[in-house]
């Protein structure tokens, strides 16, 4: 109880000072807005559905990109993990792409896909693939060799081996990479929207800022915080503890 | 036997149907500016339908995003500028100008360089060290300003250019974030009348007294495959321009309906694109080092 | 010898990819407007190197990244230590930080523009906000996870609080802090690019945005390659630094 009260103290104090400071004319309203206006803007956006629609667009783009990254990352990761010769040959070429910041590819995906879902999902997929790929390679390498020998004697094809032996054995560790990727996907999706894609919550914030509605902008920022916080809580509940800010995938 | 005949005639009928009844379609991209009044009039008054073009209008947020949308096929026709088209040609993008949209004339200035009230900027030299808001780096208005600065012996690194979209310019000036701004109607009139800013120069008119401001772009292959659509677009557009000239008040109302705000001053409209219009931009861009090799502008205009 | 054979396989594969790309581009199978051939991209990179166009934006981006990262590291270590050592600080700050952590740093750009204007200060603030979390978590973990034996030692030696902090806690937390700082630096580079695009500040991010708007794809690719090299270099640089600072521990964490 004491912890909850203490935790609520700073935000409450901040909001109180903000509101009173704004009402006393100490904080210019066109920069700071004020908490009561922000709450109103948030409620308005939720009631008329605009914020929910934008949220759906952002989440859709984030999840599409994540899904592509998960499929590609697990497939490529399994191949590289199973075959050291392929890994040695192809690995460095793939590794050369990893340091490229995904956001640097935004202009390129724009030329390629135009605006909308595909462009955004493309950038998200590039950003999300790395933790999944790295964790999958490590996980597949860690599979009991006897299991793979069994697969060999059973003469399973690659697809069957992947489905029946490899994925079940490596899934526990792959999930860690997937979890890191989900958090990244939302962050990257919003970033793409803020910088260039007229789509979703990030775009909504930029438009609110440009049309001089700071209350609406802060309302969407607040909403985004709640969304990320909720997602995190959900993932922690479903998958267990949190492994550092970006997890083992990025901190080898 | 009968069934085969029936099926064949059915297929023939289906095949004939689109050719006779379906109009060519075009998704047309524009931005919120007074340059596109004839576009809205042509749609509103049914001129596109009359000339046989099934036109959909799509508003794009900022101008640099239009060309990629044409290339990716989201749009068939989209607004653009001369410098846009030349950059695209140099980069190997297959775009062509199919019509003009608006012109900027010295006698009717709609764009200009404004300074923040309280600053003393009398000559171009006073701009040295100042921060200038631009509606988009690499846009036509900004490149024309660079040309004007160049003509007045001010180099590009003596001023700082930052991007500030039109609706935000007034606030950014007031807060002192920027010292001057490249702006256009109706934002120009608004900032002048409420005392936020003063005119430093109607620089566009000084650079070129009759400048092709905005034009309509398409992909090469689309324009070549759909000459009827292009002709219909041009004919409808020409008719709309004529209509605007006769019905100034009503066309302002239609403009406000489409872009959400009214504009007291309207630019000049014209559907023609002359080779000399593009040659001017080519020359300026070469002079400023924006084009590295000459571009054959005769290939960039639809014939 | 075996190692050489392995290496040559990787090099051959990479070279084959580039040659294939070059051929497809030369034969016009893929659009030069989207996928300029490697030779055109390299020629553009070479031109920038020779004419000196590369250095100014590179420097601007590096400065921005570094200042944001330094600020983030400082704030992260201080906050991490505070939360790690003081129960009260943890109770007061944790919920707030938990709420702020998942916020995309790019989402605070509009607000940061309102506060700082279109300035370098704005970009540094945004970078620091986004890059603080890995250092903060690393430092928190490092300060919390002091082994009980070490605490006993410090008690036996009758070290003052400050002495035990400097002699025991800091060395113990250093590996975790550095691991966090490495991730932070990568994030700082990403955010430097984003803020340059969003707030028209000079740098590599702005360069690639303008290259796209002028449809100069070789320039765009040259910028992407430069950023990739930069990302690679800073990651390896900080790994080297880690090895130096942690030499007393043997292998890095």
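Lettered A, B and C in written order, each chain numbered from 1.
The definition used in the following text is that a contact is a pair of C-beta atoms (placed from the backbone, for glycine too) under 8 Å apart; a residue touches a chain by one contact, two chains touch by 3 or more.
Keep in mind it's a predicted model, so treat the numbers as computed, not measured.
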item	value
Selected pair, greater C-beta contact count between A-C and B-C	A-C
Remotest chain, subunit C as reference, centres from CA atoms	B
Subunit A-subunit B separation of Cα centroids, rounded to whole Å	37
Distance from subunit C to subunit B - Cα centre to Cα centre, in angstrom	39
Averaged-CA centre spacing for the pair subunit C and subunit A, given as whole angstrom	18
Residue numbers of subunit A (touch at least two other chains)	110-112, 196, 209
Set of subunit C residues in contact with two or more other chains	33, 212-213, 215, 217
Where subunit B touches two or more other chains at once, by residue number	68, 71
Sites on subunit B touched by subunit A in the complex	60-61, 65, 68-69, 71-74, 165, 167-168, 171
Subunit A to subunit B touching residues, read off their complex	30, 110-116, 196, 198, 207, 209-212
Touching residues (chain side subunit A, partner subunit C) in the complex	2-3, 6-11, 31, 85, 88-93, 96-97, 99-108, 110-112, 183, 186-188, 190-191, 194-196, 202, 205-206, 208-209, 214, 217-218, 221, 224-229, 231-232, 244-246, 250-251
Complex contact set, residues of subunit B against subunit C	64, 67-68, 71, 87-88, 90-94, 136-138, 161-164, 172, 175, 177-178, 290
Subunit C residues within the subunit B interface of the complex	31-33, 117-119, 199-201, 206, 210, 212-217
